[in-house]
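Note that the chains take the letters A, B, C, D, E and F in the order they are written out, and that residue 1 is the start of every chain.
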Amino acid sequence: MDVISTILSETGFAQITFGQGVMILIGLTLLYLAIVRGFEPLLLVPIGFGGILANIPGVDIATGDGLLYLLYQGGLETSIFPLLIFMGVGALTDFGPVLANPKTILLGAAAQIGIFVTVLGALGLSVAGVMDFNIAEAAAIGIIGGADGPTAIYVASKLAPDLLGAIAVAAYSYMALVPLIQPPIVRALTSLEERKIVMAQAREVSKLEKILFPLLLLLLTALLLPSAAPLLGMLCFGNLMRECGVVERLSDTAQNALINIVTILLGLAVGSKLGAEYFLEWKTLGILALGVVAFALGTAGGVLMAKLLNLVVKDKVNPIIGAAGVSAVPMAARVSNRLGIEANPENILLMHAMGPNVAGVIGSATAAGIMITYVGGAG
Amino acid sequence: MQSGDELFFQGVELMLAGIGSVFVFLIMLVLATRTMSWALMRFGRAGEDDLPLAHVAAISAAVSAYRRSRRVEE
Amino acid sequence: MDVISTILSETGFAQITFGQGVMILIGLTLLYLAIVRGFEPLLLVPIGFGGILANIPGVDIATGDGLLYLLYQGGLETSIFPLLIFMGVGALTDFGPVLANPKTILLGAAAQIGIFVTVLGALGLSVAGVMDFNIAEAAAIGIIGGADGPTAIYVASKLAPDLLGAIAVAAYSYMALVPLIQPPIVRALTSLEERKIVMAQAREVSKLEKILFPLLLLLLTALLLPSAAPLLGMLCFGNLMRECGVVERLSDTAQNALINIVTILLGLAVGSKLGAEYFLEWKTLGILALGVVAFALGTAGGVLMAKLLNLVVKDKVNPIIGAAGVSAVPMAARVSNRLGIEANPENILLMHAMGPNVAGVIGSATAAGIMITYVGGAG
Amino acid sequence: MDVISTILSETGFAQITFGQGVMILIGLTLLYLAIVRGFEPLLLVPIGFGGILANIPGVDIATGDGLLYLLYQGGLETSIFPLLIFMGVGALTDFGPVLANPKTILLGAAAQIGIFVTVLGALGLSVAGVMDFNIAEAAAIGIIGGADGPTAIYVASKLAPDLLGAIAVAAYSYMALVPLIQPPIVRALTSLEERKIVMAQAREVSKLEKILFPLLLLLLTALLLPSAAPLLGMLCFGNLMRECGVVERLSDTAQNALINIVTILLGLAVGSKLGAEYFLEWKTLGILALGVVAFALGTAGGVLMAKLLNLVVKDKVNPIIGAAGVSAVPMAARVSNRLGIEANPENILLMHAMGPNVAGVIGSATAAGIMITYVGGAG
Amino acid sequence: MQSGDELFFQGVELMLAGIGSVFVFLIMLVLATRTMSWALMRFGRAGEDDLPLAHVAAISAAVSAYRRSRRVEE
Amino acid sequence: MQSGDELFFQGVELMLAGIGSVFVFLIMLVLATRTMSWALMRFGRAGEDDLPLAHVAAISAAVSAYRRSRRVEE
């Protein structure tokens, strides 16, 4: 009968391409990593699942008027989702450690070196004819080294939307792999003596300082780097709600219902860019390779900056915490803590590492602003 | 279309300018943060002696000053 | 004065039509049923209220740039609302009973027979000249028999948007009337002996089985019935978040804040299709009549399938639980439980009935996919 | 180098205008008032912060495809945000005091006099050549006297979007200043004897009355004043969800997650209209001046109506509670309570004042409907 | 464009009509509320004697009555 | 426009195809579910012996294999 052949021809078996099959397996791999291995599950579960949905043949999900495409269009093309996530991150972040020891901000600065060196590396691959990244794509890839998911997604959606899926997968995968990537680099660049340095107890930070910090950061951004103002502005807004003490209910919603809703929708929207036509490209291999380079260089940058600082400051810094400057909050700070205990079981570095760790978020948002300005102006 | 050399030079430019800008921005943030903390410790919390209705007056004064300054220019 | 006559001419008294008055009374009836009688209040309160708002004369609420129209356009025309509800349903559903006794899935399949027979009935009315339903409308009406609100709304919004209001009202009304509709049918089709059958204690289901089930269902959908993938995919996504154990905060939000927000907005949006011009049509009578037929046939299908199964399986199934296969979660399972106790006060069927009950959700989403494929291809 | 001059020319220092600098200071002032002085922080924190973001030079935030502009376009131009807030307000409001003593509704009516007198005042300024308000703008300014934030934002977004920022700032500022504005007016218009009046204990209100009240109000609105139906309809919907007792989870979400999310987004969207080009106008001074006049006249209207009522009713009304008729819930009711205790330390007026207080919300929404009808028809 | 006098007259009109409408509306609300409360106290809660399935019949009857009334007009 | 007979025939077709498809799909689901449960009981949980970094390698290998297969076709 006619209808049976219609129905048969509409099955997935009849329509699936090899590429879609591969992508479904990759989606399942991401779910495995998220669920069994604990790789950034809050993002990789929705992204992985979205990636599978995006590769179901014969139905508009990540295309046309399908849900994932509508979410992509409404939330990522507009940047609304990453900006609301940044607001939630601000509401969840305690900048106390940064205020107690502002020089750790410099570690967060140095750890962004990996971003820019990687941009150069990506362009080098293009020049060498290995890959074909233009400057906007190279900039978006570099941001993986910022080790901050929403920043990477924000930049990629603006500068290289077709690479968004691969960049997000790389960013979250390497953030989850920080416990593997960082320790050998830290050990190679520091002596055991250095890793044993005990840092002075951080001072108490007043409530007023915490309230003023997001405003200070906002004003500095407005005056020096307006292109970073959407990201840093929303971070500061969330943090001001958290610290000001008079809008508890808004802060609570920003930290819970709102960020959770947006995380679910953002993850699915990112999944819409895991279609085989976007992801199964040689460029993806380049992105994965460059991403790990960016993380490694950022880690090295943070550690070396800490050693440099120790040449000039009185209160020595344990160079391990430089590695936390990449961000990957709070994973990198925990790795620093573990490395500290390994060198000296009584040395609890966690709170000290939180300083460069959250400064790294500011650092990569800064770098994002510069990328967008420069590529918009020169690229 | 640009040549490979141009592209690579752009990359070098972006790297240097980028690293420089991040450092300038974050060094300014270190300085601003230190200054704020120092000022708060030095001067403590400002007195609360202003009249509450004063803020409407203040906003009005600001708007008014601004409009007057415009008028001069126009 | 001129202005007074303007204001008088703008009052509702001056503008209301007879049809709008009737619809406002129908809206109040729905609210009465929801609030006093407990008829599916989570949906019928917003739908009934939305129906009243939609019939207020002289103001754009369900039309133009009014709120209800914007919600309809943004959430129903796009299918975003029913899909997010399905995600929440997935996050709220425990598929354990299905895993413990997979053959109950067949009861959920058989109970969908009512859907397709009703489609034929609707077309029969057209052929006989009583009503004038085309095939898309007939398909949307049949889905009422799926006894699943979001599925019915999803299909109606795609295939017969003008009938959406009447279809949603019928679906939720009959779901609430399951305790009246099902018992006589079950008693008529079964002997007391059959209704006394005690089922074996269900086995324990492992956490891993529960995690894998939504993935299995997703893959099967992708390969066999891609057109059901939006609905079943979101159901599986919600369920995976629930079961995987690593995204508690997302699962919690999907089950609470998010589904509640979307339920409010969906109900109001459905209300926008309760304008007199849509609802006060002979077709509505046809929909109400066909809806109850669909429910009755579905119930019968489930029960008869259970009796059929008992001819071949070793562990006998109490045929009452076949009735739960229509879905109407969890009302139909509770009705089955009550009928079981009536026949044998020590026979607690609730958990056994949850199997076909949740399988019925999968069954009607499957039927929805087939309808959309077929009507898209042939209609 | 070229790139350095590009980056320098993109800094805020290089681009900021004098007007933007002034507006950033005004934004900081609003944050100061909200955080330190407790001025309506739930709205003024997001509005003030949004105002700063809107004045950052050289980046699209409140313009183009910037977040604040998108929120304005999606939530304010469409009226979706204020209507959802009104639903939440309904879910948060107990109309029990109104039901216990319905004549207090008249106080809520009289307190809206300030609205309409202020409209006349605004037009008078135009006629006198001091300002240049058209009738739509005058109507939007008058609504400040309604002392109800979402109503003012709703009307301004419809009738005078360019004045939205100034109107919202004026409305929330004066609501916060109620404890300063009202007491002298109340004391001037009443004798100590009158302020000592002890009111009879309010009667118990049944659950059924509370359920029927929002439906009654809805029907009255539908029949008499359809143009107020969007606002009052959503208020009634929220209140019905609260009182009906069968949709606890929806009511809870409407009162918490949903209203909080919308408040954050609404505040930011209002901030988008605090760009220097909108706010730094002579009209803003007129709005601030007229706003306080409207509040004062509304307060006087409520108090005088209470005295008038006392000429005819048996159970005397303490005229202080007339002041609560402006709305500004619950601040104005608390001010009435304090004034009552000042006159007679044993006289607890709080619950009595809640009657006119919540009636004032209905009163200003009514006035809003009239404005929109009249200006749409005649302006 | 309208003259100042017209504009001011419009304002007076809006003020009177507005105050009048608000009062009429809210006085009606007072009366309706009182009537409802009185009725509830007088008659108590209505009996629950109707058949649950009756509502579908009721909705059907309403639609049917409406369509018949239309047919007469057409 | 189609005749009544055609419409009714379409309905019959849809009914048969629909019931058939639902049963085929759900029977497959029964079989797949049983197979999964059986496999899990039979083999237990797979060992966790793979290297964590292996997944990036796996993804890379998949992409690489895919691209190579494309090149052959092109």
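As a convention for this text, contacts are C-beta pairs under 8 Å (C-beta built on N, C-alpha and C of every residue); 3 or more make two chains touch, one makes a residue touch a chain.
No experiment lies behind these values; they were computed from the predicted model shown.
**Q** So if I look at the partners of chain B and the partners of chain C, which chains show up in both lists?
**A** Touching chain B as well as chain C, we find A, D.
**Q** Which is the least count of steps on a path of touching chains running from chain E to chain F?
**A** So the least number of steps between the two chains is 2.
**Q** Of all chains present, which has the mean Cα position farthest from that of chain D?
**A** Most distant chain from chain D: F.
**Q** Which of the two pairs, C-F or A-F, is linked by more C-beta contacts?
**A** Taking the two pairs in turn, the one with more contacts turns out to be C-F.
**Q** Tell me, please, which of C-F, D-E or A-F gives a repeat of the B-D interface, judged by over half of the contact pairs matching in residue number.
**A** More than half of the contact pairs of B-D reappear in A-F.
**Q** Roughly how far is chain A from chain C, centre to centre by C-alpha average, rounded to an integer in Å?
**A** Here chain A and chain C have centroids separated by 41 Å.
**Q** What is the distance, in whole Å, between the centres of chain C and chain E, each centre taken as the mean of its C-alpha atoms?
**A** Distance between chain centres: 33 Å.
**Q** Based only on mean CA positions, could you tell me how far chain A sits from chain B in angstrom?
**A** 26
**Q** Show the residues in chain C shared as contacts by 2 or more other chains, in ascending order.
**A** 3, 7, 224-225, 257, 370, 374, 378
**Q** Specify, in ascending order, the residues of chain B that touch 2 or more different other chains.
**A** In chain B, residues 13-14, 17, 21 touch at least two other chains, as defined above.
**Q** For this entry, which pairs of chains touch?
**A** Every touching chain pair, ordered by label, is A-B, A-C, A-D, A-F, B-D, C-D, C-E, C-F, D-E.
**Q** Looking at the complex, which residues from chain F come into contact with chain C?
**A** It comes out as residues 4-5, 7-8, 10-15, 17-19, 21-30, 32-34, 36-37, 40, 45.
**Q** If we count contacts the way the header does, which residues on chain D are in touch with chain B in the complex?
**A** 1-4, 7, 18-19, 22, 25-26, 29, 32-33, 36-37, 169, 173, 177, 180, 276, 279-282, 284-285, 288, 292
**Q** Would you mind writing out the residues of chain D in touch with chain E in their complex?
**A** Its residues touching chain E are 98-99, 102-103, 105-106, 108-109, 112-113, 115-117, 119-120, 122-124, 126-127, 134-135, 138-139, 206, 208-209, 212-213, 216-217, 220, 224-225, 359, 362-363, 366-367, 370-371, 374-375, 378-379.
**Q** Given the complex with chain C, which residues does chain E contribute to the contact?
**A** Residues 13-14, 16-17, 21, 48, 52-53, 55-56, 58-60, 62-67, 69.
**Q** Provide the residue numbers of chain D that touch chain A in the complex, in ascending order.
**A** These residues of chain D touch chain A: 3, 6-7, 10-13, 15-16, 24, 28, 31, 34-35, 38, 41-42, 45-46, 49, 52-53, 55-59, 61, 65-67, 70, 256-257, 260-261, 263-264, 268.
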